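Multiple structures are listed underneath, in C-alpha cells.
Paired with chain B in one complex and with chain C in the other, chain A is shared by the two complexes that follow.
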Partner chain A sequence: MAEFSTSVADKGEVSTIYLKGFLDAHTAPMLENTFSGLVDNKKYSIVVNFKDLAYISSAGLGVFMAFIEKVRENEGDIKLSAMSDKVYNIFDLLGFPLLYEIFKTEEEAINKFRENKNLES
Partner chain B sequence: MNFKNANLTKSIKFQAFVGFAIILFFFKLIFGSVDAVFFRILNEIFVILTAAFFILYMFDFIRTKKINPLSLIMNIGILNAIIFALISFSNPILNWIFGNVKERLTKPDLIISIISFLYGFLFISLVSYIFFTFKELYFLKQKKNVSTHFNTMIIFFLVASFASVLNPYPELNYIKTTFVIISVILIIINSIRISWIAFLVKKEKVTLLVLSVVIFILFIVNLANSSDSQLHGQVLLNFSTSLNQFMNLMMIYGIIYFGILFFTTLFHIPTAEAYDRKTQEISSLQYFSKLITQVLDFKELSETVTEIAVKVCNSDASWIIWTENNETNPLANKNIGIIDTNLISDYILSKIMKDTDTKTILLNLEKFEGKGKLAEKFYSFAVSPLKTHNEVKGYLVAAKKNDFIFDDEDKNAMDTFSDYASIAMENSRLLEESIEKERLEKEFDVAREIQRKILPSKNPELESLSISSVFIPAFEVGGDYYDFFELSENKFGFVIADVSGKGISAAFIMAELKGIFESLSKTFETPKEILVKANEILHRTLDRKNFVSAAYGVIDIDKETLSISRAGHCPVLLIRNHIVQNIRPSGIGLGLNFTDHFVNTLDEIQINLEEDDLIVLYTDGITEAKNIRLDDFGSIEFEKILLENSDKHVDEISKKVIKEVTLFSQNISQHDDITLVILKWKQKLNLDGENKWQNSAPQLQTKVK
Partner chain C sequence: MKAEKSKLKKDRLEIKSRTENLAEIREFINSAAAEVGLSKETIDNIILAVDEACTNIIKHAYKYFPDGKIILNLKTDKKTFTIEIIDFGKSFEPGLVPNPDLKKYFDEKRVGGLGMYLMKALMDDVKYTSFPGKFNQVLLIKNINSNGR
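On to the complex of A and B.
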C-alpha cells in the first residue's frame, strides 16, 4: 500500500520528527521505533512535523499516546505542528488539542520549547 | 501352493543329490578298481548327476539373496584360494599320512577309496559353486535375453567333460580337443559382455581391478597345478575324468573371464568419476523433483537444497544467501560454520552484479582479505542465483576446500539444480503465505462473528421514533459499536463508538464496551456521567496505545429533548428544516486521559426536538471511505446526501447514503467498518391534541454541568 517514512533532525535541544505518507496500523510501528530511539537517547523535547503526512488512522494516533506519559515524566513534551486541515480535524475530533499543544509551524513549536527553557533558567 | 511346490522340488533336488552321492560312494567302493568302459561311463554319469543336482539345489538356495557383483567376485576368489590350498597341500599331506598315494591309487584299498571319494566330492562342490557363481555373474544386469548363449556353452562344457571318458584311447583324443576348443571359443564370446561394471562406483571399480588381477593369477596357478602328473590330478582323474576336465574348463573360464574383466574395468576407470557424478546428478534431481511437491516447510526445504547441492557438484560445503525483508542472511549451512558463511557471503555479494548474473558464476578467495579469519580453508565457490519471476531472491553457494576447483560440469549441474531449487523454494514460500493468510482470515472471521453478536440484532420499535441502522464490517474488522437502550418508559438511550485498531483485539474491546454501556445506562442518567464512568472503567483494561471514540445520547420522550455527550467521536448530525447542524460538544476520546482534565473538558448538550428532526450517528468509515485515487468521501458529500433525502423514510435515507458510499469506493477494498444510525423524531401528540413544537426552538449551546 501507500508508503510511510520518518526522519529526525536535531535543532539544538529540540528534536523534530518529520512524517511523510500514510500513517496507519501497518506503518505505526515505524513511528514507534522513531519515538523509542529518541526516548532511549533521553531526548524528551520532541516536535512532530506533519507537513507531508497525507493520512493518519486511529492506530497512528495511538503512537503519540504511547509515549507522551514517559516524555512528560522527564519534563519534556511532544508538540505537534504543521498539520493539514484534514489531519488537524482528525486530531481535533478526538480531543487531542486538549491534550497536546498544536502549532501552525514547526518554528513556533520549537520556540515554545525555548521560551519554556528560558523561563525556567 | 507355489511356495509349497517350490519347497517340494527343492527337497526333491536335495534328496536326489544325496541319493546320487551315496550311489556314487558305494559304486566307488565296489567297482572303484574295475577299469571297464561301461563302468567308467557309469561312474561319469553318477558324478555328473551328483554335480548337476548339487548345482540345481544351490540355485534355489542362493537365489533368494540379493546379488552384489563384488561379493560374487569375492566368492570366486575365496573358492579359488581354497582350491589353491587344497592342490598345494594335498600332495605332501596325503603322502605323509598314507605313504605313496600315487601307487596305492592303482590298487585302491578301502581307505584310499574313501579318501579319494571325499577329495573328489569336495571338488564337485567347489567347482559346482564356482560354476554357479560364474552363471550369476553372467546374467547380472544383462539387457538382452542371453540364456541360449549360456546354455549352448554349458552343453559344450558337458560334452567336452564327458568326452574325457575316451582318454585311454589317444587316437580318439581329437573329439575331446575339438569340444574343448569350441567351449573355449564360447567362453570368450560369452565373457566379452560384462555389463555390470558400469554400475559400480569408482571406489568399487578400483577394488575390482585389484581383485581381478589376483584372481586371474590364482586361476592360472590352479590350472597349472592341476596337471595330470600331479597327485591332485591323479586323484581327481581316478575319481572322475569329466570332473577333472570340467574343473580345467572352469579354470580356463576363470582365466578368460577375469582377464577380460581386468581390462574392461581398467577402461572404465577414467570415466568412473564422470559416470558417478552423472548417476549422482540424476538421482539427486529425481529426489529433488519429488521434494518440490513434498516439502512444505521452508526451513526444511532449504536444508535439503544445500544437502543436495553438496552432492550435485561434489563440493565440501553449501549454504544459501537469502534476502527477506531487506535483510540478507546465510541460511541452511551445510558442513560450514556460521562465521565463515557470514564472511564469505559478504565477499560474494560484493563481487556479484545483482541483476545481470543469471547463471552460475565461479569465484575464488584469491583476493579476499579476510582469508585468515576463516575457520576452514574454503577456496573456490560456485554461486547460483535463486530467482522467481526474474527477480533474484537469493544465492545458492557451493564451496570447495584447499586447491579443488569447480569445473564446467559442476557449473552446469549447479545451473540445473538451482532452477529446481528456485521453484521449490518459491512454492514453499507461497504456501506459507497462504497458510498465514488463511490464519488471518480465520481470525477476522472470529472477530466479525463476535461483532455480529454484540451489535443489536434488530432496531427497537418506538411510537415516536423511527430508527434505521446499517453496519458494514471491513474485512479486518474495525471495531465499530452501536447500541440502543430502552432506559424507562419515557427514556431512550443510544451509543455509537469506534475502537482504535483492528482485528480480534478491537473486537474484544468492543465486547467490553457493550458490557460497560449496558450496565452504566441502567445506573446513571446523563450521558456525561456515563462517559466519565466508562473512561474510568476503561483505564483498567485499555493499554496506552488504544482508545475509543464514543458518543452517548439520551432522548426524553416526554420532554422531547435530546442530551448528548461526545468523547472524541465524529459529530452527531441534526437535520432540521433542511439545515445540517454538527452537534459537537467538547470531549476527549475514552482512554486518552484519565485525569480530571477528561471530566472538565467533557460537555453535554441538550436539544429540544422538533417534528421530523433527523439525528444521524456515524463512524469515520463513511467520511473516510476512499476511492481509487485515495480521496475521502468527505463530510460535505455525506451531508449533501442526507439533506437531499431528509424527507424520506429513515431506511431509505440510509440506503441512499450506503449506495453512494459504495459507488464512491467501488474497486477498492473497504478498510474500515461503516456504521450509520439514523433516528427520526415523530411529533408526540398529546392527548389534548396540542402540538408542542410550536413553542420550541433549537437550543444548541445549552450546557449542563
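On to the complex of A and C.
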C-alpha cells in the first residue's frame, strides 16, 4: 500500500517537493530522505507543495524543523504551499506560520524566491 | 446509571507497537467515531490525537521494540467519546514534558514534544495514569455537544 510518496521537480533555481498521502511517524523518514537528497546536492531553495497531502502528524512536522536551519544557513529557505485547511490548521496550532512562509499556491512560493533573488542582484 | 455495554460494532483494537500500524489505528478510530455521529472535523482531530498518543508509546514506552502490545478501547455515552490506550512499556510522566516553545525548539533543533501539545489542544481532556509494573493508560476524552457533534 503506497500510503505516502514524494516527488521532486526542479524549476530553475527552485526545487519543489510534492507530497502525497499520509505523512506520519512511519512515512516521515521518506520525507527526510527527500530533503537530505536536496541538501546533499546543495539545493537550498525549496518549495513544498501540499496539494495532495491528506494527513500530517507531528512526526511529519518535525521533518520541516529538522532541515530549516541547515537550509537557511546556506541562504535558502523552505517555503510551504497549497495546504488544505485541515493540514494548515495543524501547522497553525503549533505556531509554524511564525517560522515558515506559507503560500496559497506553489507559483506564489516560487515567485517569492525569484523576487528575493532579483532584489539581491 | 449502570455502565451500558458498548453499542459500537467494534470497540477494541489490539495491535503491535509498530509505526506501520498507525494507518490501521487511524482507520479504526475513523470508523468508530463516524458511527457515533461526530463531525468530520472532530473525527479528524481525534484521529490525530490518537496517532500522536500511539506514536509516543511506540517511540518512548517501547523505544521502537516492534512486538509490544497496544490496546485501544473505545467508550461512548451521551456526553463523551473516550479512547483508552493501554501499553505495557516504560512508564511515562507527562509532568516532565514541558509545553513546547516553538522558537526554542527551532534554536535547539529539537523536534519532539509537539505530539503531547497537539493531543491537549485537540481533545477536551487527556489523562495519563501509570500502574507501575503493570501497564500505562492514556485516556483521550472528547465531549459530545448537545447537537451530537
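Before moving on, here are some points about what is shown:
The rule is simple: the second predicted complex is superposed on the first by the 119 of 121 C-alpha atoms of A that agree within 3 Å, B and C clash if a C-alpha of one lies under 4 Å from a C-alpha of the other, contacts with A are read in each partner's own complex, and residues count from 1 in each chain.
The definition used in the following text is that contacts are C-beta pairs under 8 Å (C-beta built on N, C-alpha and C of every residue); 3 or more make two chains touch, one makes a residue touch a chain.
Since the model is a prediction, treat every value here as computed from it, not as a measurement.
Aligning the two structures on chain A places chain B and chain C in a clash.
By the touch criterion defined above, A:Asp40 reaches neither chain B nor chain C. By the touch criterion defined above, A:Lys86 reaches both chain B and chain C. Using the contact criterion defined above for the overlaid structures, shared-chain residue A:Leu61 touches chain B and also reaches chain C.
Contacts of A:Leu99 after superposition: both chain B and chain C are touched. When the two complexes are overlaid on their common chain A, residue A:Glu73 makes contact with neither chain B nor chain C.
Contacts of A:Glu3 after superposition on the shared chain: chain C is touched, whereas chain B is not.
Of 420-428, 546-554 or 690-698, the segment of chain B running into chain C after the two structures are fitted on chain A is 546-554. Shared contact residues on chain A (touching chain B in one structure, chain C in the other): 25, 55, 57-59, 61-63, 65-66, 69, 86, 90, 93-96, 98-99. Against chain B, the residues of chain A that register as touching in their complex are 2, 25, 54-55, 57-59, 61-63, 65-66, 69, 86, 90, 93-96, 98-99.
Across the interface of their complex, chain A is touched by residues 498, 500-502, 544-547, 549, 567-571, 586-589, 592-593, 597, 601, 620, 630, 632, 672 of chain B. Of all residues in chain A, only 1, 3, 22, 24-26, 55, 57-59, 61-63, 65-66, 68-69, 86, 90, 93-96, 98-99 touch chain C in the complex they form. By the touch criterion stated above, chain C contacts chain A in their complex at residues 19-20, 22-23, 26, 41, 44, 48, 51-52, 55, 58-59, 100, 102-103, 105-106, 109-112, 114-115, 117-118, 121-122.
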